[in-house]
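Dropping the structures in below, format is structure tokens.
What follows is a pair of complexes built around chain A, which joins chain B in one and chain C in the other.
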Partner chain A sequence: MILGRVTFGLLAVALFSGLALAPFWSAGRALESLETLNGATPWGFFLRGVHAFSAWGFLLGTLAHLGEVLWKRTESRLRPAVWWRSVALLPVAVLALLGGFLMRGDAEAQAALAVWREVSSSVPIAGRALAALLLGLPGADLAPVSLHHAGTFTLLAWLLTAEHGGTLLPDLRSTVLAALASFAAAGLFPVSLGPPVAPDGALLLGPWYLLGLQGALLDLPVAAGWLLPLALLLAVGLVRHADGRARAALLALAAAWGAGYLALTLRLLLAAR
Partner chain B sequence: MFRAQALLLALLLALAGLLGALGRERQRAAALGRAPDRAGGKVERCVTCHVRPEEDPGGAHARAAVGCSSCHLGNPFAFDKARAHAGMEPEPGALRSVARTCGRSGCHVREAARVATSLMARASGIVSVNRWAFGEVPEPRGTATMVDLLAKEERTPAEDHLAKLCAGCHLHALRASRDDAIHGNGSGCSACHVARRLPGAVPRPHPSVDAHVTDDRCLGCHSRSGRIALTYEGLYEIEPAQAAALGTAATTLHDGRPAGHAEADVHRRAGLSCVDCHLHTDLMGDGTRHEHSESQVEIACEACHGPARDGGETTWAEVRDPITRDLLRQQGETRPPGERVRLGRHGTPVWNLRPSEGGWSTLRKRQGVALATRPTPADANHRLPGHERLTCSACHSAWAPTCSTCHTRYDAEGAQWDFAKAAETPGRWVEASEGYDARPPALAVRPDGRIAPAIPGMVMDLDAAAASGPRFSRRLYASLDPHSTGKKARDCASCHLSSWALGLGTGTLSFESGAASFSPASPATDDARLAVDGWTLLDAPSPGIGTRVGLRSLDAAELRRALAVSACLPCHAKATDLVWRDFAGSKARLARGGTRCGFRSAGSPRPSARAEGAGLVGLKDIR
Partner chain C sequence: MSSRRDFLGTAWAAAGVAAAAAGTAVLGRALSGSPEPERGVRLPAELLARAEKEGGLVHEGLHVRGPAASPVVLDLTCTHLRCRVAPVEGGGFSCPCHASRYDAEGRVTAGPASRPLARPRLSPDGAGFVARLS
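Entry: the complex of A and B
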């Protein structure tokens, strides 16, 4: 499918632009290094834009491709284990992108880091260890986050995508198309950084793809931060094993989840205005 | 397979994107600063643009030492103005953001936390007394603050009165929220620690910021209400008509109000500033949410002049106050652990008071000049029987500003600056009086039973009917230390023969058949026996009340006792006179006829010249 191949191309663009950005980023001076990249490095803002848009494109492409698969009922073409691993690509992509957001080091990123530390810590038994493993110890710099962003989750995303597509590398045309689209977006829409310190009384927003979850956490206990996504993944994953009314019910559940998520996103955006 | 059109479209879009990026790249390169971008050992890109010398506050807060963002926030890493100025605090020290500016970690954390609880920030005393005077709360106390009040959408008449007349003088009042009443440079910490922009002075983009708070900064707020900062300088506010009568003897205050001259406080004449006496806890608070100023102020005359109260003296080895220790370190001073130190009422060391040969000496903090501090003499004046309850200021306050009558009404048709809205809003509180005066203060009995100076605090007619409020008259005196301390105390007659000092108001005291009577110069409309500016009557069943729970005028018994000696004063005017050593014995000797006193044969006391007159000291006596 074309969408899937372009999505793989976007992942490749994100990977290579990320490699180009890596020398300019500092774990101990994250925001300062990104301000320097944006303000004092020739074409730095553009490179960062390409990285951001290709990564966002990868997430959107993954979602759209998932929808396409479910719409065309082609999930059964994959073996169950491959299907489940393909479904797992969604949280892996989100976690990879979230790492990139946290690496900004601005007030929004700091707030998001604190929220995700709480969410991770709320996982029973292994929560605190998981939080320390993924996000580092409280007060430490962002080196662990960057390691998982550039290493763990990117590698996982690549492997899962490659397995799903049955090819280790994206094809050249898809990659060129993905690069051109990323160049266009990065040139036309600058990617900004957040404030260094949270303004008094302001509602800080997390990454756009997690706004629904942020909105849900305003009312729900912190464990909802991992229980709600887990519910969606289970519903989508089980579609492969269901037929008829059961499949329809699972899809309806996933659709309701998505609608609710959009509603919560909208509510949060309105509250932030 | 992708169609060629799709690739072509992507190529065109990418070209458009690259063109847009090229434009922004040119802008970025052009805007890039050329100057150094570090200050205080950290990245501070503000200084690539803000390079002019006059943009440097200098001193401990010099641009090179702390940069700009330490106080002004914003984004010190940014390369463009919009991002650099995003989230900037134009008024560093403002209490809304003080935890991130002055009170940030590594700077003044303790002080900033205390200031927020201090009375200068909360003004709870002003709020509670005003609400009580309007009849909105049962007693003049409470923890409601000016901040609470200003945040309210619906205000009571008292709260509206405060918001329009009083709310400029508290540390939460932002510069933009003020009209021109305060003439300060900011709010919060800046209200005291930033040099004022004096009218007519050469404009400076950035004023200096320092620990030394000069008297002119106190004057901004404390030249109002009790007006202690004016009194300290030897100035008292007057009405324009009074200024016209005084002619060249009148002066104009920093904010245009006319003033007359009186004798300055003896400490002022010795060159002492406000902060030479007042401790850091007096000014910035001690972390306790005091209701009224008298409970927050630590310094007392006894701390310097003695005799020290129990527990009022210790050694530096016992001092734990970290702020005082920091102050000493900043001054480059040390104190031997064994050196004695006097303490304020709550235990804060008076660090600029040091033992010296034969006594104590006071250091003028700003100039570093040491002044010998005279101890309270243990003489007849200070051991006069019957005067044990008097505070130092009851006798040593030479005069106090007095506004004996006040008429306050609400004009619904007018408009007035509203400190809560930072704009002129409909409705105006109009105050009028028959003129200000400066005279020796009256005497009040404080809640702790001690006798202290008092002035008419709210002897007023209030008409808030147009604001759906009350319409009534109040006769409230307020106790205060006027800050007009004289080396020489007021004489006996100025209290015992003064109807004003005794709280009766302006009028004539006379004595018939051994009994005193009082004739008011201007009777009150509601009671002809009462002076219009009086607080109580000679035979009032209960004393006059004041602006604190338990504050009162002298009661009938105390007045009788005070007047009982009046007959003797014309001949026995000095405390060293033998008759005062045992006044009861003296009276017994008089009754037996064993004295040469002509009082008994005359049959009635001989009123003094003062008692026949207005019973007070006129302005010309003070100047």
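Entry: the complex of A and C
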């Protein structure tokens, strides 16, 4: 499937542009280092844009490919364990991207960091330790976040994609296509940074792919931050084991989840205006 | 083909061992119940005088106002999901994450937060105070 191959290519572009960005980023001065990269480093804004667009493309490609697989009913071609690990690629991709968002260090990233620390802490038994492991201790720098962004989640994303696609590396043609698309997007739409502190009374928005969860947390308890995604993953994962009405019911549940998520995103955007 | 499968098998085994080790460490820490350390913020006399003169100021995540001898100090951490709230024009505070609102005394005026802003314990420190947050 061409979509899957290009998605793997986008992951490769995100990985290599991330490696190129790493020397310019500082864990203790995240925002300042990125402002310098954006404003004073030749082609810095472009490199950052390539990294951002390829990573967003990877997430969108993963979602679109999942939809394609479910639409064509080809999930049964994968062994159950491989299917479940492929479904796990979705949260892994989101966590990898979220790490990149937090590494901006601006007011939006600081707010998202505080919220994700609470969401992680709400996981029973090991929540607080999990938050410390993934996000570092409150008040500390962003080194643990960057480690998991560039290491843990990127490595996991690569392994899961490689296993799903049955190939360790993306093919050259798909990678070139992914790179060209990322270059074009980065050139056309510069990726900006947020303000260092929240503007008076304004609502800060998290990353676009998590706006639905941010909207849900206006009303629901904090545990919804991990319970809602878990419900979606279980519904999608179980599709591999269901036929007929059960399969249709699971797909309807996932579709309703997606529609609800979009509605919550829209509601938050309207509230922020 | 089999070498690729071998590689992925080894990679999954390594990832499993790493996850188990991390999980053990996480669980160990969780069960040991290590409390979060108390944080102290110094409020020197000059800062308190300035806060009194200016009608209030923000210092290291705290809002300080009132007479220098008996200041009113509020922790600017939102009680909903711990985002940093900010003073708004006309008094009071608002949270930039989920739009909770508090009045000048730190009481909730709009959700989703349900508890008022915390007031740190103040202990005398020379001519000023130390605000202790837990």
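Following the convention adopted for this analysis, the second predicted complex is superposed on the first by the 273 of 273 C-alpha atoms of A that agree within 3 Å, B and C clash if a C-alpha of one lies under 4 Å from a C-alpha of the other, contacts with A are read in each partner's own complex, and residues count from 1 in each chain.
The rule is simple: a contact is a pair of C-beta atoms (placed from the backbone, for glycine too) under 8 Å apart; a residue touches a chain by one contact, two chains touch by 3 or more.
Just so we're clear, the structure is a prediction, and the values are computed from it rather than from any experiment.
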| item | value |
| --- | --- |
| Fit-or-clash call for chain B and chain C when the two complexes are aligned on chain A | clash |
| Partner chain in contact with A:V176 - chain B first, chain C second, else both or neither | first |
| Partner chain in contact with A:R117 - chain B first, chain C second, else both or neither | second |
| Touching partner for A:G187 - first (chain B), second (chain C), both, neither | first |
| First, second, both or neither for A:V197, with chain B first and chain C second | both |
| Touched partner set for A:D243, first chain B, second chain C, both or neither | neither |
| Partner chain in contact with A:L156 - chain B first, chain C second, else both or neither | second |
| Chain B region in steric overlap with chain C, selected from 113-121, 149-157, 419-427 or 437-445 | 113-121 |
| On chain A, positions contacted by chain B and by chain C | 197, 200 |
| Residue numbers on chain A that touch chain C, as the complex places them | 107, 110-111, 114-115, 117-119, 125-130, 132-133, 138-139, 156, 159, 162-163, 166-168, 197-198, 200-204, 214, 217-219, 222, 271 |
| Complex contact set, residues of chain A against chain B | 2, 29, 31-32, 35-36, 38-40, 42-43, 45-46, 49, 173-174, 176-177, 179-181, 183-188, 190, 193, 195-197, 199-200 |
| Footprint of chain A on chain B - complex, ascending | 1-2, 6-7, 10-11, 13-14, 16-21, 24-25, 28-29, 32, 43, 73-80, 83, 86-87, 96-97, 100 |
| Complex contacts: residues of chain C adjacent to chain A | 4, 7-8, 11-12, 15, 22-23, 25-27, 29-30, 36, 39, 81-84, 86-89, 94, 96-99, 112 |
